[in-house]
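In the two complexes below, chain A is the common chain; its partner is chain B in one and chain C in the other.
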Partner chain A sequence: MSCSVEEPTMTVAEKRAKDRAVHVGFCCKCKTAKSTVTVRYAEYCDPCFLIALDSKFRTALRNARPYRVITPENVMLAFSGGPSSRALIHLFDVFHSLPPEVATNKKQPKIYNDIHVCHIDESCLLEPAQDVTSSGSTMEQARSIAGGYGYSFHGVAIEDIYDPEWTDSRCFEAVATLITSLPKDQLTTSGQAPELLSRIIPTPVTTASEEGAPKLSRQEKISKLKALLGACTTLTAKETVLQHFRSSLLIQLAKRGECTTLALGDSATRVAIQIIELTAIGRGYSLPHETSLLSSWIQDCKVIRPLKDCLVKELDTFCGLNGLVLIERHHAQLDWTMKTKAEVKSIRRLTDEFITGLDKEFPSTVATVCRTAAKLTPPEATYGQKCPLCHGPVQAGVQEWKRRITVTTAPGELETTTTSNSTEAKTTEISDGCCSSDAGGCCSSSSSQRPSCTTSQTTTASSASTPFSSLLCYGCLTNLRDLNLKSMASQEDDVSSSSFELPPYVVETIVHRMGFASLDEFEHRSDAGVSASGTAVDPQESLRAQIQDFLIASDDEDE
Partner chain B sequence: MSQSDATLRIELQFSGGMELLFDNQKTIHAKVPASFPLDGSAENRHAATIRDLISWTASNLLKERPELFIGADGSVRSGILVLVNGADWELEGELEYELEDRDEIVFISTLHGG
Partner chain C sequence: MPGATDTKPTKPLKNPCNLCQSVRAILKRPKTGQQLCKECFFHVFETEIHNTIVDNKLFNKGDRVAIGASGGKDSTVLAYVMKLLNDRYSYELDLVLLSIDEGITGYRDDSLETVKRNRDQYQIPLLIVSYKDLYGWSMDDIVKEIGRKNNCTFCGVFRRQALDRGAIMLNVDHIVTGHNADDIAETVLMNILRGDLPRLQRCTSIITNDTSEDSSGIETSKILRSKPFKYTYEKEIVMYAYFKKLDYFSTECIYSPNAYRGHARIFLKDLEAVRRTAIVDIIHSGEALSASVQANESTKLPTMANCTRCGYISSNELCKACLLLEGLNKGLPQLGIGHTTKIRRMHEAANLASGLSSPASLSSAVADGSAGEKVKVVTHIKDLGQLETMPTLASV
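Presenting the complex of A and B:
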């Protein structure tokens, strides 16, 4: 018998439409109950919908981690308070609570050993400003929800990103300011964005810092965070920077909870929006890591997205059907817009509208975008070379590439048109191209900056310039174009003229990328060994950082 | 039903951020006119549908930012989930669903971060 030839090939949509025609108004699974939920082309009744969603979740979890793996791991669930991550906790609970007859069967290994829940409290950023100690904090709500499941809870406030404790070494006591390679008065006339350098400022070591006595008060941390966000001139930049802080904290939370897996509640809708958004803001290189079901980019901590196949609509319905309590006022996004009252758009919000708008007319949009991007393979990059800001992979020659695709106007010249990418074309005045840019105007300034750099390094480490934009990935480099240059100090200025600081975790990576194992080593080296220039420096990496400018030049010669 | 001052008792629920547009009220028990348009003569009127409910809600209950609630063609903005008595409104005829007394209409915004 051959297979049924008379059956014409039908698309899934057509098949479902046909099924629907037979059982109009009834659940497509049991076909007996009246349907109450529609998901794309399928209609379900409530019980069948819950079963379908649960099996979807199990499939995703199995794909993220094969059942054959025997050693159970700990998993950290990232809980924002919204419906997706709320559903994530509940689904994990259902998944993990085995019926008694199976639980006693020792042959069935547990997939996950301990389940932890973590939450980042962002209430300090909500408007209208709330007293952080009052009930405005989302932390207690999150704690009680996690407690309801008997999971251990870990919480951190977003402003703790400025705490020296929230770094890999857990006591990285330094922040950094950004300085521009050009004096302030030249910023507007040169028509070019200057190279951004960082200046590492060790946090004054307050003696006898007792356990439980933080060196920075909460208010100080909040004002530092707000200062940084205030220096971002666009909502897109703000959101992106916050997102990096969030991921950094989540990873730290997972590591501290001794979890080898971090589970995020990203829904299919969210992932589809992210795919488009990340592409638009220049983060295509790290996109596979930020959207895949399983990413092993971060050392010692896998990131999984088990809800990647579930539409946000399904998760909302799931929360509603199970009567799951959400945290109110976690919608920082909405509040930001309401604060300004004017129609402020960011790339994320525009993408949001684009995808949801399209998905209304064409219900396959989200799935199509996700499935297309799922084919992307992560780039070959070494974790040690991660970007200081986002900890994502860094592609070589980023600055050079950026210079070539950006139109720059040199002073006293007509438009020097290099190849223009349509998205980059409008960035006429604010390119980050820097020293390798045309006519050598900036090149000379950056070469003249070398001596000044070394002289300042001989004094104290705190006033030494360390590279910054040369360490960034393309996405962060592009994003930082929206930083207000006037808020930064220039080379000659005093450090204090800078209005914001970069958090310790960024500085830690900068120091590591320069080849120093710790802050102490960095201070020691830059105090002592600078006069000997390259020779005093050990591994390749720091050498590379020292001669960064010349490396780009050699790239040029190669072609 | 054709009486002009007849009203329907409708329970409106807002969640997922939607409540912020309605002065943080999660549930509103509204008395909605049973027939629309309000200024039409008796014979031109038709029984209230969800479409009427949306525009009525927007002009009577909405506190701020109508563009976050109402979209083009008099429907809600894309990304807002509407449930009629617990069932997806797509199953109930969407905008053309005729309201009945004691209906429960839920609006859930799916436009949230994280």
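Presenting the complex of A and C:
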């Protein structure tokens, strides 16, 4: 296996470059002007380069959506402030600035009706040391850039992921904590990854709150976000979780702007890195959705990547040539959250270095990798069964797959009893944990965390455990192994011993996946008693089995 | 562990094993980071391989299974574990060792000595098939002829066929090879980097050469190949060999360096250092991607036929091994390397012109090349049965 010659063979681009050798020093298009830009093997002069890039963009756009469309759609451009998304806005503008004779022609329908620009402000996660000196928020810069084109601007801060408003139902007022199925003392000795459960904590219903009044202060949201990131022990986990939050917010922004399409500025370089990274973090199943030119996975919102054929270097040059202003330090680098230098390597960063390095030696790497993934067909999965954390498709039986290839039982125990063993253990622990005596303590202590918590009307609901690990996709399951288990509560503990909370959008999906239509319904069922929720119609057979397992145990405990 | 109770009220162990809690841990498991004692490590290591075998239904009772043995760590551990599991779980397999002698002085000759010792230690019969016997060329000869570049192409193509031929000689149903999780993860990455979708689809399947799908009636060897170490980390194999004090040979092939794959391997090691589950995660991704490829109609495998010369399964008229061999015998070693279509065509044209289109050219050339020696030239799989000088099993 290690010895077989697998050098990449000469690509079409390389061969073309050979043919072009006669024009060395001149633009390969017009062949009259001196070349100023080199892209892989081709040399261009400035005007020809711009034309070439523009036509690449148009081709991609046409492939993402046929020109002959009946109803024009609204599109949301995701703008981070970097060169790629900056170029995206400009290219869209050029594309839509039709010459007057065409614009007046009613027969020529517009491809996209309204163009909106959105931005996620991540300045709360920028390195604290520099935060003081820099201007802080990137929102205003982004707004002025969008304003320059006359596009309507939508902005949100990354910490708003904790706002009940940024969910599908737009008022999902609950967060969740994670609890481990094993008691804490066993966690440290067994060294194995426990089953994770979630405990849903509804945020108090603010009846008198005025329209638009924030239910959580900005500072509270920031501290919640930082607490969650703080519980991740690796940079890889932090970056991945943050990426899920970004995606979730972008989709919400698009939906709010009444856009049916979300355009991302992912360049070819970025997509190639992402393909390898997603493979490395176990997200191969959702990879086609996350890297394709057009993905229709998300309900009511298509995601397109029209810059998928442009190298990041081309986009850099494009921004330079057009004199486009970028936002400096727009992207949260989480290096500073790591305590030691040794940890400042994430899978994304490694992949970045790997692909960039390889691309220098073999300049066709990026294109090859992108083409590989472009030929993949997305898996057939139901959107309703999406992963709570990343909203990606979920494969069945991933936990069992892991369990079979990574055995964690002692020699004496029979392999087949493993699962039943752990569920037994789980059930007893659960009956220990979720009783009313603990709930009182939970409420009072959590109220110190969240000053707004004044009433105890929700304690019964909050004490019930809901599944979590079993709902996740493989990638998220793997990623959450990097959570610090000590930061979670175990079954005996009250909620306060958990140092972080999962944002409302995650809880919303958990509740939906359990077969409840809304939080109210979930609370109602939980209040009504376990037997009621035991009979609740659950779409997923295996899931129901899991819930029933511990519901029955709770019954025993009550009697 | 929820079932393990500490019965001895002795003083607490300083560093107890995470699983049994009763013995001091002596190693940190590469796959999980758990601290284990020796016995628990053996248990999880062996059980995982057993699970892989059972879950994928690799064998049927009574199967005759050849273990591809090179003498290196992977195959040595594979031979040991296969024998152990066969006895422990009564697979009722008839195990044999099959080694390929590429003829690389200073590498394979030494490693084959290890295999011979393994044969005696594990009481498993052994068959050694050599390139020299099969093709008339040893790797040393080939390198002398073509230099160090591209020699791995020859070795790889020849080995694949040689294994099958050895398996036919042994009349086995199944060949198991020591490919480990690291190898498979690396191959997944390589195939994405090279854009090789058909291989990306195939590389994660644990059993290959599964002919159940095609009913075209083409004569293929019905011998299955599988990789019981698909989910076993390379580091753990080394660890297992170390703690079991297994006798293995650890030298890299003297002709092997490969730049492109080397990059992928280093990258994989870096990933593993950042997240130890990365290898398994890549395999999981690879399996998912493989399903995504399957749905795509545009990447069908080439239709399979039999080589007109040797009868081995091939996507062309002439199989790759015969093509390479012909190149060697005619002093055109570039034949079959890189983009072969053009050279193939040129060559066929030249063949027609000189009237040399009969398979006789091959066997005569081979016979010439090794004149004076007692040679066993196998040119057709069908001929194997009639072979007079059939290598005998060095049974114990």
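Some observations on this one:
As a convention for this text, the second predicted complex is superposed on the first by the 443 of 559 C-alpha atoms of A that agree within 3 Å, B and C clash if a C-alpha of one lies under 4 Å from a C-alpha of the other, contacts with A are read in each partner's own complex, and residues count from 1 in each chain.
Here is the rule we go by: a contact is a pair of C-beta atoms (placed from the backbone, for glycine too) under 8 Å apart; a residue touches a chain by one contact, two chains touch by 3 or more.
If you're wondering where the values come from, they're calculated on a predicted model, not measured in any experiment.
In the superposition on chain A, contact of A:Ser292 is made with neither chain B nor chain C.
In the overlay built on the shared chain, the residue A:Ala280 is in contact with chain C alone; chain B does not reach it. In the superposition on chain A, no contact is made by A:Ser247 with either chain B or chain C. Counted by residues of chain A touched, the larger count belongs to C, out of chain B and chain C. Of the two partner chains, chain B is the only one touched by A:Glu43; chain C is not. Where the contact sets of chain A with chain B and with chain C meet, they give residues 357. On chain A, the positions that touch chain B within their shared complex are 25, 34-38, 43, 46, 80-85, 265, 269-270, 312-313, 316-317, 320, 326, 328, 330-335, 337-338, 343, 352-353, 356-357, 359-360. Chain C contributes residues 1-4, 16, 18-21, 31-35, 39-40, 43-44, 47-48, 51-52, 55, 150, 152-153, 155-156, 179, 183, 186-197, 200, 231, 253, 255-256, 258-261, 263, 265, 267, 270-271, 274-275, 277-278, 280-282, 284-289, 291-293, 295-296, 298-299, 337-339 to its touches with chain A in the complex. Chain B meets chain A in the complex at residues 15-17, 19-20, 64-65, 67-68, 78-79, 81, 83, 86-88, 90-91, 106, 108, 110-114. Of all residues in chain A, those touching chain C in their complex are 1-9, 182, 186, 189-192, 234, 236, 275-276, 278-285, 287-288, 345-347, 350-351, 354, 357-358, 362, 365, 368-369, 371-373, 375-379, 395, 398, 401-402, 404-413, 415, 417, 421-422, 424-425, 474-475, 478, 481-482.
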